[in-house]
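Following this line, the structures themselves.
Both complexes shown next keep chain A, but they swap its partner, so chain B is in the first and chain C is in the second.
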Partner chain A sequence: MSLLIDAIGFGIASGAVLALGAVGFTVQFGISSILNITYGSLMTLAAYFGLLLVGAGLSIWLALAVGALMVGLISVVFHRVLLGPMVKRGIRPFGLIVVTVACGIVLQYIVVAVVGPTAQSYGNVSGATLRFLGMTFTTAQLVIIAITASLMLALHLLLTRTKLGRAMRATSANRTLAQSCGIATDRISDVAWLISGSLCGAAGVALAITVATFDFTLGSVFLVPMIAAAVLGGVGQPYGAMLGGLVVGISTQVAGALWNPAYQDVIALVILIAMLLLRPRGFFGAAWSSRRLLA
Partner chain B sequence: MVAIAGGALAVLTVGAASTAARTTLAQAQSGPISIGVVAPFTGPAAEFGTLISAPCYAATLLINKAGGVMGHTFNCVPVDDTGDAADAVPNVERAIATVPNFDMAIGLESNTAATTVPLVNRARIPLITTNGLVAYDKTKDKYFWRLTPADNANGAAFMAFAAERGLKRVAIIFENNITATGNLPGVLAAVPKLHQTIALNLTIPADAASYSSVVERVIAAKPQALIFSADPQSTATFLSEYSQLNSGKLPVMITATDSLTPDFFNAVTKAVGVGYITHKVFLVGSYFANNTPAFYSYSKAMYADPHTKKIASVITTVGPPASAFDGINIAALAMLESHSTLGPVYNSWITKVVAASPGAQVVHTFAAGKAALAAGRKIQFVGVVGAVTFNKYHNFAGEFAATVFRPNKSAVRVAIISGSEVSQLLG
Partner chain C sequence: MSSADPASPALALSVRGLVAGYSEQPVVDGVDVDVPVGRVVAVAGPNGAGKSTLLKAILGIARLLGGTVHLEGRNVTGLPLQKLARLGIGYVPQVEEVFESLRVGENLEMGGYLCGKRERAHRMERTLGVFPQLRPMLQRYVETLSGGERKMTAIARVLMLDPRVLILDEPTASLSPEMSRIVLHEQVRALGTIGKSVLLVEQKAIAALEVSDWAYLMVRGRVVMSAPAPEILHDPRMREVFLGGAVAELAEQAR
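Here is the complex of A and B:
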């Protein structure tokens, strides 16, 4: 029993990182309808930005914030310069996916060319180990959980309580209609890519903190469970992605604790397939679709 | 039907043309002999390409210094197998078709051997592999040669070393890949014979974001030692979480010499500190003496070559590169003995170069072998890995040793495990 409770705790910790990434991914898709596979390599880039900043003397948490913002800005440029014009030229969704896959690989090769293939680390930043409700967390994990919760709350407030959030939702629901209502949809897209890119960056640095050492494959390895979390929640639905992150994180750790850990990643994918069969629109299904924040 | 027959004919014609082209190329034999280093040079396993190229550079340095073979010098040609069996195929096929005088291959590691070994074997290029796949214990591939132990023998050697250290209760943690899990049959065979106990036997996925649940299970099982095999990043994550969840206490780890790499050292050191890796991590693999004439020559060449001198201190303690170095020398001497650089001709002379026979002069270097052959004597090559006796499947295992890292990333041998003991444990 204690192993199960511990596994749930470990799942919450890894689910928090997954949720950060999955929410960013789903916001990006919700606002632009682009399945951006470059996302994984951008997470890797953020981890290396974090390394650079820690090396320059910043604290790990400040490095997370700055690294996240840097990747957010790169995401805006990436969308403005490459993906946005491609959408305007009528390139189909499948073509865009291939472009983002290619960009991800190119970015990965650039990273390895610059920093090399060897393992990197932020050093021992995990802090003390604490027991809480029968679960075990490191200080760093608790901070990451707190950051995730704060960012999710901030995103919720942005989307529901601000004019900008309403404009984002309108753009997501019907871009042409939003434009004809006077919403500067291009600028709204920029903001959405900045936010989602920043979440991607934060997830990259948080993941690098969690795994102790990392290399240029960091984000690409994490991409599949993160997409699984986003799809579980219903692509385009930030709340669903939050819940999806937790479900994937917890199910993976519980499978590792109670079953054969070799298949722990498979469990999340089996849940994903089952969910798509039973509730194709994600956790909140059709009832939520009329109320959902994006898409 | 006609179309199928036509297609088959076309395939046969292309195949025949390709073989003919290779034979013609080989018969023309002008210019250097190419040794294809079939290994990953890009992707996550790219470091392996660098490591396995080192013995090639060292061997060719010495062979070329001794005047080469029949007027030919030797070149090392990287053939990038990318570490992926499917991606390896076009690269290896292209190398076979285009690299001039491609008459020898080394590397052909475990992840890609399923596709690369058949291709090279079919092209009738003698190959000296460093893979430990059990599947090749009884291979019928004529051009296959292996001077390193199979993974299951390595697994048995892990347990023999654990027994020697008085470690009776072990947790087996292997990553879910063919190399790591290849050790398992040997471990399982050895445990009852050595009166040891398996506290836990788990397979873990590579590169997981967290292994905390698995670590918790291992801690609860209270092992004295971890019998472990995983990539550097996964190992670092696992150990970091073990340390966090067990108040900083980590058990002894016994792993394969495959991990005797700067990348593994860096990853583990960054995760749990240099004290652990230099005192509690033991790397078990094939053994060779480091005080023989062959070793001096090997080590000197490693330090002399600009390609290899940076990693010479580590690589000269590891079995697979030494076996590749010996394999190249053996193949080059077989070329001299057979008076041919063609694979189909010199391949059958490989066993003769290493066989002990009455009146044969024991030689430890290519230069000494070449001089003896020029003087009309028979030779027996005894290289870095010692006297070699290939079995009928072209396999040779030899002895085993346990090694530990030093703080400067070099390595030092701490125990020797006899090959006969390992064979008994497997039997």
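Here is the complex of A and C:
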């Protein structure tokens, strides 16, 4: 029993990282209809930026913030220079996915060429262990959960309470109509890619913190459960991705604890397939669509 | 009317020799259209005549292959939609005319995106004065609305922009005959009376003529007739040519 409760605790912690990544991924799809597979390698890049910044003397949490912002800016440029123009020239969705897969692989090779294949670590940053409702958390895990929760709340407030956020939703819902209202949709896209890219970067550093040691495959391995979380929630729906992250995180950890940790990714995929068979449009399906924020 | 100088300030919108289409085969082939300030001008014609493409080319959405567009005497040919919005052109598309996943109130807010907070609140009150039925619906998501309520939201949204020129693409499409009447006679006509210049594309020709000052008949990408709307309505022979042409074309397409 305590094994199960511990697994739930660890599931919440890894679910927080999944949610962080899945929300950024889903926002990119919502605003630009781009399934950006390069996302995984950008998370890896963020983890190495974090390493560089920690090496330069920054605290791990400041490194997370700065690394997130750096990847946010890179994502804006990536969309502005490459993906956006391709969409404007009428590339087909499948072609675009292939481009993002290719860019992901190229970026991963660049990372390994620069830093080498050996595993890296931020050192001991997990901090003291705390017990809470029978679950065990490290301080680092709790901080990551708190960061995720506050970023999700901030995103919610941005999308529903501010004119900028509503313009993002309007652009996502109907780009031409948004332009007819005078909304500079290209600039709105830039903001959306800055935010989602920063979430990607934050998820990358947070993931590197939770896994203790990492190498150049960090993000690409994480991509599978993260996309599972995003798809579970209905791609393009931030709230769905938040919940999807938690569901995938907890269920894979619990199943891993009860069965075999090596099967975690397989379990995530089985959940995904079963879920899509039952609810093809994600948890909330059509009923939720009235409240969806993007797509 | 099409002989007027396109740069004349008496013309809210003036289109000359417009050629447009999605490929090398033009869908719109050398069309002249004028909308005098404060008037409602209809473009009628059968399905596939190029009416929607004409509007989209004016708005910089469809590819413009030739011709010019003047807004209040200023050359705005080929400007992107978002610039045209800033210059005072409002647009209600035929389909996807509302922000589906936004609330009614948020749709209106987006309509007034370009103005400041205070001005937007002012316009909101004024718009709700024109469409009081929308007031209790402001918190509802658009996708829960009926067809008529959607259309009302779309027109209210465009009024929030406070445009001087309005471009409406088949505002009665997919509405019941009764709802169509309300949209055209109450909503579109009302736009004319508050001083807006309106370019209206409609398949329901008689209904469109009833609320318009001037009408163009478009067939196969060309304007084949242009006359004051009341004249067409009241002269049985002209009426026959205008509507007969459309009917014959429709019959030919159906074959």
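Operating definition for what follows: the second predicted complex is superposed on the first by the 295 of 295 C-alpha atoms of A that agree within 3 Å, B and C clash if a C-alpha of one lies under 4 Å from a C-alpha of the other, contacts with A are read in each partner's own complex, and residues count from 1 in each chain.
The rule is simple: a residue touches a chain if its C-beta (ideal position, glycine included) is under 8 Å from a C-beta of that chain, and two chains touch if they have at least 3 such contacts.
None of these values were measured; they are calculated from a predicted model.
In the superposition on chain A, A:185 contacts chain C only, with no contact to chain B. Once chain A of one complex is fitted onto chain A of the other, the partner contacts of A:213 are limited to chain B, with no touch recorded for chain C. Of the two partner chains placed around the shared chain by superposition, chain C is the only one that A:177 touches, whereas chain B remains out of contact.
Look at A:269: by the touch rule set out above, it reaches neither chain B nor chain C. In the superposition on chain A, A:166 contacts chain C only, with no contact to chain B. Legend: residue contacts after superposition of the two complexes on their common chain; A:221 is shown touching chain B, with no touch to chain C.
Touching more residues of chain A than its counterpart among chain B and chain C is B.
Shared-chain residue A:86: touches no atom of chain B or chain C. Of the two partner chains, chain B is the only one that A:138 touches; chain C does not reach it.
When the shared chain is aligned, no partner comes close enough to touch A:52: not chain B, not chain C.
The interface of chain A with chain B does not overlap its interface with chain C at any residue. Across the complex, chain C is touched by residues 163, 166-167, 169-170, 172-174, 176-185, 289-295 of chain A.
Within the complex formed with chain B, the residues of chain A that make contact are 3, 6-7, 10, 13-14, 17-18, 117-121, 123, 126, 129, 136, 138, 207, 210-215, 217, 221-222, 225, 252-257, 260-265.
Per the touch definition, chain B reaches chain A in the complex via residues 44, 46-47, 176, 202-205, 207-214, 216-217, 220, 232-233, 236-237, 239-241, 244-245, 247, 262-263, 266-267, 270-271. Residue ranges of chain C in contact with chain A, taken from their complex: 59, 61, 80-82, 85-86, 90-91, 93, 96-102, 106, 109-111, 113-114, 141, 143-144, 157-158, 161.
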